[in-house]
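Presented sequentially are two complexes of subunit A, the first with subunit B as partner and the second with subunit C.
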Partner chain A sequence: MKEFKFLFAIWKTNLQSAMEYRAAFLTQAIGMMVNNFIYFAIWIIFFDRFKDVRGWGVNDMYVTFGVLASAFGLVSLLFGNAFNLSDIIAKGRLDYYLSLPRPVLLHTIASRTIASGMGDFLYGFVSYGLSGYFTWDGLARYVLATLLAATVFAAFLILTQSLAFWFGMMTNFSNLVLNAMLTFGIYPITLFDSYAKLILFTLIPAALMGAIPAEFIRAFTWQTLGELLLGAIGFLTLAIFTFRMGLRRYESGSAIQIEV
Partner chain B sequence: MKSISKYWSIFQITLINSLAYPGELVGRSLMIIPFMWIFYQLWKVTFSAAGAADGMINGLTLRDTLWYLMLAETIELGRPPIARTMSENVKDGSIAYILNKPYDFLLYQFSTAMGETIFRAMLNAVFGGLTVWWLVGTPNHPEGFLIALPAIFGAWILHFSINAMIGLSAFVVEDVSAFTWIYQKLAFIFGGMLIPLDFYPQWLQNIAKLLPFSSAIYGPARLFVTPTLELFISVMSLQITWIIALTFALAIVYRRGLAQLTVNGG
Partner chain C sequence: MVSIDVTNLQKTFQTKRKAAGLGGSIRSLFKPDYSSVEAVRNLSFQMSSGELLGFIGPNGAGKSTTIKILTGILHPSGGEAKVLGFTPWIDRQKLAYHIGTVFGQRPQLWYHLPAMDTFILFGKIYELDDVETKKRIDFLTEAFEIKDLLDVPVRKLSLGQRMRCEVAASLLHRPKLLLLDEPSIGLDVVAKQHIRDAIKRMNQEEGVGVLLTSHDAGDLEALCKRVIIVNHGQIVYEDKVSNLKRKFLTTKLVEVRYAMEVSKDFAIQGVEILKVGHYGVKLKFDTTKTAVDSVISHLSGAGDIVDITISDPPLEEVIAKIYQEAENA
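Let's turn to the complex of A and B:
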């Protein structure tokens, strides 16, 4: 409970800080929504021409793209530093968080808000609304699926970026796996054979951020809910464990760091 | 002559600088591999479902499509983020130190952009090319790469002109990220970066093929897979027209932007 209060206090501060530059915040949020609309037009053109990909149509793409965008946006808004955790580790900037009496990982990743995340988060709901699958209980599932997909995504970021404790600067690797996660998450899962699917559930858990949440939103089944819960809990546990293991190896120089 | 050698030196310095961190260069270029693999999965299924007797969709085979996408990705992933760099220069005030040097600001930016592009694009072409080769075999017209080279160079000039204009808008609005996202996505759609324009509905093809985005991506990539004289003339003439129009527009935007620039600190 104490940690939730702490989190809300950080998020409130982040929001106030972002609102200091209101025009920039709104430009980024609206710009990202327009950006997503334009990007999705490619899929509309594709499915208009080729109708479906092994039973996967444009309506399924609306839901998949929507839930992925909302989950991505939620992590950008609430845990923006998860995207540059490896930089923070490699440059010794964890010193600041270590010196304060709050959970290091939570404090670090929640200390930044990416304004464009608001655009992604909201766009996802619009995309779901346009999908033709909209129902009120579906909307409740959409919210739950977004939370679980965001948990998997945040855990994946923490996990991969924590490798910086062992390997130092890894901006390129982080970008590579992030792009792979988003790219594989958007494409129809019916494209992949069973070996590729195994990778998409484990090494790069894109299926748990796109296809499986979308399946759960379209129709409730205990199996998809179980897969999502198991994925979220499993990846989060592994991410926290890896970060803690890495933290034991953490060392920093004498550079003076200023956190603004 | 002396002024050209000045920019040539800037180009050379940036080119050598781009090799200073080979790990970084290689790491960034590896990104093309998962992209090409997923394109292969998508188009393999699509071509198989389309079931055309000659294995073609609108004049392109699966192999052509994959090599087309490889070159389109190489052009896109190879270009440096000029607009963002210019925006950062305005935000942190370093623009003041660039503007007062004895060189033309735009030509300086162009020389550094080209210096950053060459090895980046080469490595993308190598990794992308090897992946596509492994997936679908050699291109039907390997000589197409040489024929498409002038169009690839023209594509980078076009990208530079548009991105520099977006970057110059930082003189007024400071943060240009929203404009760069939207430009990138317009280039995806009207440039035919994820789907060749030939697969679009006819009305959309007609519009897209007239826009500068197609000259920057579709034209060079299509020329690579079907290198005919007729296509070469058509791609190059449209591209040159857009280059003249956009560099002219860029020069005007630069003069106007300079009058509005406010530097905070530095």
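Let's turn to the complex of A and C:
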């Protein structure tokens, strides 16, 4: 409970900091929504031409893209520093978080809000609303699936960026796998054979951020819920373990830094 | 009671070495070369509760590394340390409730927000209730004279104003020990004095112990009772500040002004003449080699003295001398 109080205080401060530049905050959020609409138009044109890809239609794409955007947006909004972790580690900027009496990983990733995440997060709900699959219990599943997909995504970011403890700056590598995750996340899962699917559940867990949550939203099954829960808990545990192991190797630094 | 107890503390960093130029970069890519740098070497010292201890040394001496180990930021390579009874790198979170830290080059105040917002956030981080936080902010506002600064975004404060707010923020949770790493870096004389006065007050009124690293000998003279001087990760001198001055301040600087013109050949045996002007001389001598009264009698014998000033050399010079002796040893 006390960690939630602390998290709310951090998020409130993040929001206050972002609101210092209201125009930038609003344009980023709205701009990202518009950006997503433009991007998704390609899929609308594609499915208008081909109708379906191995049983996967444009309505499925609306749900998949929606949940992926909402999960991405949620992590950007609440744990924005997860995208920056490698830089923070390599430049010795964990000192601030280590000198305060809070869990260092949680404190670090929660200390930044990326305003455009609001656009992604809201866009996802609109996309789900337009999918034709909308029901009220489907909406409840959408919220749960977004939370679990966001957990997998945040854990994957922490995992890859924590490699900076061993290899130094990993921002480019992390961006590479992040892009792979988002790209494969919105592809119809029916395109892939079983080996490719194995990779999409493990090495680049894109299926746990797009296709599986979408399946769970469309129709409840214990299997999809189990896969999502297992993926979220498994990746989170691995991410926390890797970060903690790495923290023992942390070397700090002498660069000048500021907390924004 | 002991607040810091350090025994044989060591910290070694692995540093990548690379020859200059593109060739060096390519070789380093395939065959990286690492060397060990011993930042802290078998450091042992104690600090009592409520003590004001200066921890000084040149760049790269291991001061900041030591402070980072004592706050739990870094794991040591060897040795032991207890801070307020906690092992910092094991009990980091528990220890953090009882210590305050200020890193001069690493602000903790949120840059785009007024300092008040960081104070309130720190209240939550340290689990203070809202009433207690407000009372404490009021007290610190008065102690550090920052009432008018709290509502201004930190980015708009001067460095001196910001540092006052930084130190005040680090005291919000009533720590028993304050670890200050270069708190006066880049500040002007007035700003330094403001901070020194406030720290002194907190030490006297609340018994907060202060471990201070600084390049500024003025901080040391104004604040600390005891000093540890480190170089290359080792202690090269440890004593009371008053003893440091007595032992090393054996050189005297003298400036004399005469009523009549001074001869260009002005000289006294065993005294170094620094400058001879039309009506005055500036000289330096070592009191262990040349007696003070002999110098004075020579000076008064040279003409009618209008004014005379005898002073100690600045503490910076003393410290530089200690570094030099340690280097030579």
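What we mean here is this: the second predicted complex is superposed on the first by the 259 of 260 C-alpha atoms of A that agree within 3 Å, B and C clash if a C-alpha of one lies under 4 Å from a C-alpha of the other, contacts with A are read in each partner's own complex, and residues count from 1 in each chain.
Please note the rule applied: a residue touches a chain if its C-beta (ideal position, glycine included) is under 8 Å from a C-beta of that chain, and two chains touch if they have at least 3 such contacts.
On a predicted model such as this, the values are computed, not experimentally measured, just so you know.
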First, second, both or neither for A:Glu20, with subunit B first and subunit C second:
second
Can A:Asn172 be said to touch subunit B (first), subunit C (second), both, or neither?
first
Just checking: does A:Phe6 make contact with subunit B only, subunit C only, both, or neither of them? Give me first, second, both or neither.
second
Quick check for you: in the superposed arrangement, does A:Leu203 touch first (subunit B), second (subunit C), both or neither?
neither
Counting only touches as set out at the top, which of subunit B and subunit C does A:Glu251 meet: first, second, both, neither?
second
Who does A:Asp95 touch here: subunit B (first), subunit C (second), both, or neither?
second
Residues on subunit A touched by both subunit B and subunit C none
Can you tell me which positions in subunit A touch subunit B when the two form their complex?
24, 27-28, 30-32, 34-35, 38-39, 41-42, 45-46, 48-50, 52-54, 116, 171-173, 175-176, 179-180, 183-184, 187-188, 190-192, 196
Seen from subunit C, its contact residues with subunit A in the complex are 13, 64-65, 68, 71-75, 92-94, 96-97, 101, 103, 105-113, 117-118, 120-121, 124-127, 153
For the complex, give me every residue of subunit A touching subunit C.
2, 5-6, 9-10, 13, 16-17, 20-21, 94-96, 98-103, 248, 250-252, 254, 256-260
Within the complex, subunit A is touched by subunit B residues 23-24, 27-28, 30-31, 34-35, 38, 41-42, 45-46, 49-50, 173-175, 177-179, 181-182, 184-186, 188-189, 194-195, 199-201, 204
